[in-house]
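These notes open a run of structures that come right after.
Shared between the two complexes below is chain A, which has chain B as its partner in the first and chain C in the second.
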Partner chain A sequence: MGDARRVGDSGEAELTRYVVRRILLAIPTLFGIVVLVFLLLHLAPGSPVSASGSPESGRRVSGAAREEMRRLYDLHLPLPERFGKWIGRVVRFDLGESFVDRRPVSERIREALPATLALNGLALLLTLAIAIPLGVVAGGRPEGPFDRISAVALFALYSMPVFWAALLLQSLLSVELGWLPLYGVSSDDAPGGIAGIGDRLAHLALPVTCLTYGSLAFLARIVRAGVVDARSQVYFTAALARGVSRRAALWRHAFRNALLPVITLLGLLLPGLLSGSVIVERIFAWPGLGRLYFDSILSRDYPVVLGLSLVGAVATLAATLAADVAYAFADPRVRESA
Partner chain B sequence: MIRRLPGSARVALAFVLLLWIVAAVSPAFTARAADIRLEERLLPPSLAHPFGTDDLGRDLAARVIAATPISLTIGLVAAAVSVVVGFGVGAAGGYLGGVADLLLSRLTEVVLCFPVLFLLLALAAFLPPSPATVVLAIGLTTWPADARYARAEILKAKNLDYARAAKAAGARPARVVLRHLLPNALPPLLVSAAFGVSWAILAEAALSFLGVGLPPPAASWGGILSAAPSYIEEAWWLALFPGLALFATVSAYNLLAEGLRQATTEAGGI
Partner chain C sequence: MKPLSLAIVLGATVATAACRGREEPALNAGTRGPGPTLTAAPEPVLGFLDESREGVPIRGGVLRRRLVGEPSTLNAVLQTGLPEQQILQYLSRPLVDVDARLGLVPGLAERREVSDDGLEYRFFLAPNAVWEDGTPVTSADAIFTIGKAADPKTPSPVFKPLFADLERVEAIDAKSFRARFRRRDAMHAYAFTLPLLPEKRFAGKSFLKARENRAPLANGPYRLASWKTQESIELERNPRWPGTPGNFDRIHFRVVPENAVAYRALVEGRLDETWIDQSLKDRSATDARFAACCRIVEFYNLDYNYIALNNRSPFFSDSLVRRAMTMLRDRPAIVRGLYRGSARMISGPWAPDSPAYDASLTPLPFDPPEAARLLEQAGWRDTDGDGTRDRGGRELEFDLLVSAGSTAGRQINEIFAAELARAGVKARIRTLEWATFVERVDSGDYEAASLAWAASDANPDPFPYWHSSQFPPAGGNVAFYRNAAADELMEEARGELDPEKRRAIYHRLHRVFRNDPPVVFVVNASQKYAFRTRVRGIVTSPLGLYGFWPGPLSWWGTPDESVIPEKPS
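Up next is the complex of A and B:
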């Protein structure tokens, strides 16, 4: 721990040291991700490990697919060499070709990416826009009426399975009331360009809602806890004593401190959103990464499954790394004690 | 310990017990749940069929009841696997420290980087279909959270006097951890396990809903729900009731976990 009052050059040097250390620690994790995906490959039917395994229904693969696996992943080579080749390909960003349509895996991922980004980007913005004010207001008066009611509501949302929520929303808002489309990205008869935006938004409404409410409940509770904690700190009391209004003290002092843990959590929200995408995109027939992953699992398209797992995990690692670094810049305590 | 639970958690505990009683008497409903009557397909809820009937004319209420033991048991066993693996990894890292801790912490971080459902789907689809596969897939993807709790608890306790005394008396690391440190790390682990059960029930439901969970004829709530999307425009009850059972169960376990957390942190141990 450095001296709490130390500022200037030495603080910056320590910040740099912290960031460098954090990046160095990410290297073995990155290596671990590559190894884990390599191990996943060996679970796949048709691979050396599972070839002798169970001959159970539907999970066998044809001779041709097995041959393909051999060629693609060098399964005839001994383990160390095979691993070396795998690393070599990962380093070159060569994820192989899809078994289904022979196109490069990276191309298929790039195609599905925009649909998922739109869905998850909107969901993330909506999560932050609702969760933060909700948490601040609830935490501003712990055990007050708003806090109690929102706690129950958030708890219910938190426990609600996403596929159930999706089905209920579909049957209520789409089937019964006919307000929103059941699924898909846009209607066949929708006008193009600007005029089609309304139609697109209507199609986005249900899937975005389904991806939002879970992380919203989670995040609002974290913000609330942060605000409650900040209220008991000396600086909050000091602000009130200086004559700052309760509202201003809450938003200017407690809120800013409660925001810090949110930065770290942002990185961790990514894998959750991707998981949610698998279910939401399947129910709403949304042509994104989640559906690509699920379809590839069903059609035993291993190159796509492995490629997407790798990309998803590396993206999460990058996001958590970025979040930790951002945290270090935002929090003077980390900045000076790293 | 029950006395220290807040009221909501006691209600939740009673509900969980009730669910297990339902599970115990559910074999009485299995025949009814498997009874296919095509002339009664997709009937809305009525007195004869309180939850309606499904696409094969089976009574939905009987099916939901008959699925109770599967969903509950898989949730419990998968959470147990997760806690055991998580405790093993977390406690070993926390106690041994140094390189072992560095490596085990990286391992935990690696698994956390993967979207849980990606790993779950890959494991469940690639391994031979069976209840054991589902349990292992869930346990092996959700342990990192337990590992983090266990590591933090062991780190806190390992330099306390009683642990050092045990070590000085010649106890081996495994004995110090299991006999001395584990009992003290138990309350937070119990909380983590209770949240883990609700998580595992949800995970199994998601797998079965997506069609890669338990092989038929076994049907969990998620498995029953998997028919709902096809009939979304005509039979809302197919989605409502199995999901309601799932939601109530998950809420109860979450409430119980939350109550345990309050009881253990505010009152300082169970």
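Up next is the complex of A and C:
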């Protein structure tokens, strides 16, 4: 017992050191990302002043007003000074205020976050729910009729432009058949709370479909490849030899082993939950982060773009860190070599 | 020509001259308060729709309107774009407003006086003008609002230039005040189309960050009921509005960024109106569902498009070359092909419905042989036989910038580039994202650029955009146009308060612009909106569908399309 505890203590300490090391490494990485985004944004052509009109209206701001706006946004300051001011606020957990409406960036992100999380989260769940069985069944009989047909179908879906599919679905299911709402998060007269859930789900149906169909292909094909690989392993043959049914062998043995790359992929996909989808959110008038990001880039709303980039970078680093820690936890060789 | 509805100069000068040195008669019934009035003015030449006298308006129901984007603020001083203008029109009234025929009408001020020298304006607020909380609109509110618009620390791109010459503004009493300018200019009357803000609500708060900027206190026919960020804005009747109430109980604005989606929403019945482009109009012509529920409202406003030519570049510094460029533009073909006939050629920096426009001046014709002769005269010949003209070892070859947001602009300019190529001029079309495009143009870092003039304010004063003292970065003369005769006429027009004399000056100026074109003026294209047929009472104006009083306030709707036996013609 005493020896076992010592071994356990040593393992935990090792893991803790590993995690601390990775967190410390993440700080300069995050700083590097932030500096890069700041520079790219500020060195790109255009400015909040020149972006304040619109191509639809052709409006532009007059010369004197331009100069006043430059001062208001601190654009007359040298770049290092602007960065210093911004980073000084960030370390105090203040992302600044939007150039567009002067509201705190954190408030604008907080407003748009739930819509994007709901949309992307549901799309991810739906993708997994469809892609995994497809991949397992296709991998169960490689080159069989189902494998071939599903491959063609998935690649056809993958090749279909999302804007086109979205407009087509809107025309058919909303305008022609009237089955689903055309856009938005909820109907104007929808009840709140639980009573409104059905209405909200109906509004989610089309955008979730559009986000899902394109990502089915690569996930299903990864699962299929893993299953095909597992089928050639001895343990799969042994399971069949033990009298385990083919279906059970596929799901219990082949699929479990094929799941590892899927989990790795999920680690990479999770930060995407925060990034939103520009095209889908615009077409379905979805008030999410993707639209906020896109509009902010167009209007050169530097504080919002930087805030969203920072949130995205933190989420990516956190997901990467979590994946690394999970690996280290599962495989001692990782923490030893780190 | 500032962004927003500041009305038209001749209307301005008429009103200004009429009231100089004497009290101006009330333009609206004082007892009714600041309600809508249509003045009897000549109708614009084409595309004017007035359903204000058709049918008996039905009160009630919801009007579902489209917003292309979300307003950044509902503070009238800070407004920058169309979404804000669309909503503020229901909530916040100005001291004076502009009607559909471009005349001045009272807003919150029931009357005004202008001093003999044209420098001082006195406004007398309507006694029944109140905020939605029941407190009266006072001169303190007007002084506060004007002070903020003129404050260098306030970003007020729409109104600040109009108050640039403001010397002082002060109260006479609780319901009247005077504003004095350093310089006489008929345009100053239009500075007072600024909607008022309640001073007391901003006391002790940051003007830029105040909660009131998203929750304004209304003094107009409607008040804000709800604002769901990036989704919708709902207005309801303001029970304290003393004027004629709006016809709809509620106005529901929905943010729908995509035109094609808005069109579908209209057909589905989720929207009552939307702006459409030519392609959607074409589509609607063969769409049975659209025909069953909706109609197109098409009219001309004061917008136009043009190709800016940088007069400082070695190519376009010569007036002969600029004339040649205009004559190489096949504008009749553009009107026929791209706009299906719903556009008008122009020959100066105004649309034909602007009183400044001299309709007797015909635009320069599409005449490639004459253009070639002008280019030869300017010294541009193809001396090396490579198909492109050259002079002094330099080819006549330039970048033509196009904004990525303008599909029509891209199509028009591809045709133009082909026409130029046939004449030995090489134009490379470069599509730039909007902010980048604007930065290049505003800094003068371009040779040619395709631009649209959004003249929803209808102010025809060309001084800020074509006078030689207005070169960038401070001014708006991005073409770097310099013509002594034009400069003189622009200065003369600014100081002239007599409307007829001012019109005559503009017509002389128009002739200068036509003969020495600073840029290639292209067309004034029609504006197209699609409406559910249940919406009636629509009035269009050279200022558009809104941007004038009462504008959409005069619309009304039946609860059901089937109630209307047939569509209005």
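Criterion: the second predicted complex is superposed on the first by the 236 of 338 C-alpha atoms of A that agree within 3 Å, B and C clash if a C-alpha of one lies under 4 Å from a C-alpha of the other, contacts with A are read in each partner's own complex, and residues count from 1 in each chain.
Everything below uses one rule, namely that contacts are C-beta pairs under 8 Å (C-beta built on N, C-alpha and C of every residue); 3 or more make two chains touch, one makes a residue touch a chain.
No experiment lies behind these values; they were computed from the predicted model shown.
When the shared chain is aligned, no partner comes close enough to touch A:Arg92: not chain B, not chain C.
In the superposition on chain A, contact of A:Arg247 is made with neither chain B nor chain C. Judged by the touch definition given at the top, the superposed model places A:Val100 against chain C, while chain B stays out of reach.
Of the two partner chains, chain C is the only one that A:Arg291 touches; chain B does not reach it.
By the document's definition of touching, both partners, chain B and chain C, reach A:Ile283.
Shared-chain residue A:Val175: touches chain B and chain C both. Of the two partner chains, both chain B and chain C are touched by A:Leu167.
Common to the chain B-facing and chain C-facing surfaces of chain A are residues 44-45, 50, 53-54, 56-57, 59, 167, 170-171, 175, 182, 282-283, 298.
Chain C contributes residues 2-3, 68-69, 72-73, 80-82, 152-153, 155-157, 160-161, 164, 208-209, 213-214, 228-232, 234, 252, 254-258, 260-261, 264-265, 267-268, 270, 289, 303, 305, 403-406, 432-442, 451-454, 456, 464, 470, 472-476 to its touches with chain A in the complex. For chain A in complex with chain C, the touching residues are 44-47, 50-69, 72, 97, 100-103, 108, 111-112, 167, 170-171, 174-175, 178, 182-185, 188, 282-285, 287, 291-292, 295, 298-300. Residues 25, 28-29, 32-33, 36, 40, 43-45, 50, 53-54, 56-57, 59, 155-156, 158-161, 163-164, 167-168, 170-171, 175-176, 182, 268, 271-272, 274-276, 278-279, 282-283, 293-294, 297-298, 305, 308-309, 312-314, 316-317, 320 of chain A touch chain B in their complex. Those residues of chain B whose C-beta lies close enough to touch chain A in the complex are 103, 106-107, 109-119, 121-123, 125-129, 198, 202, 205-206, 209-212, 215, 222, 225, 228-229, 232-233, 236, 239-240, 243, 246-247, 250-251, 254-255, 258.
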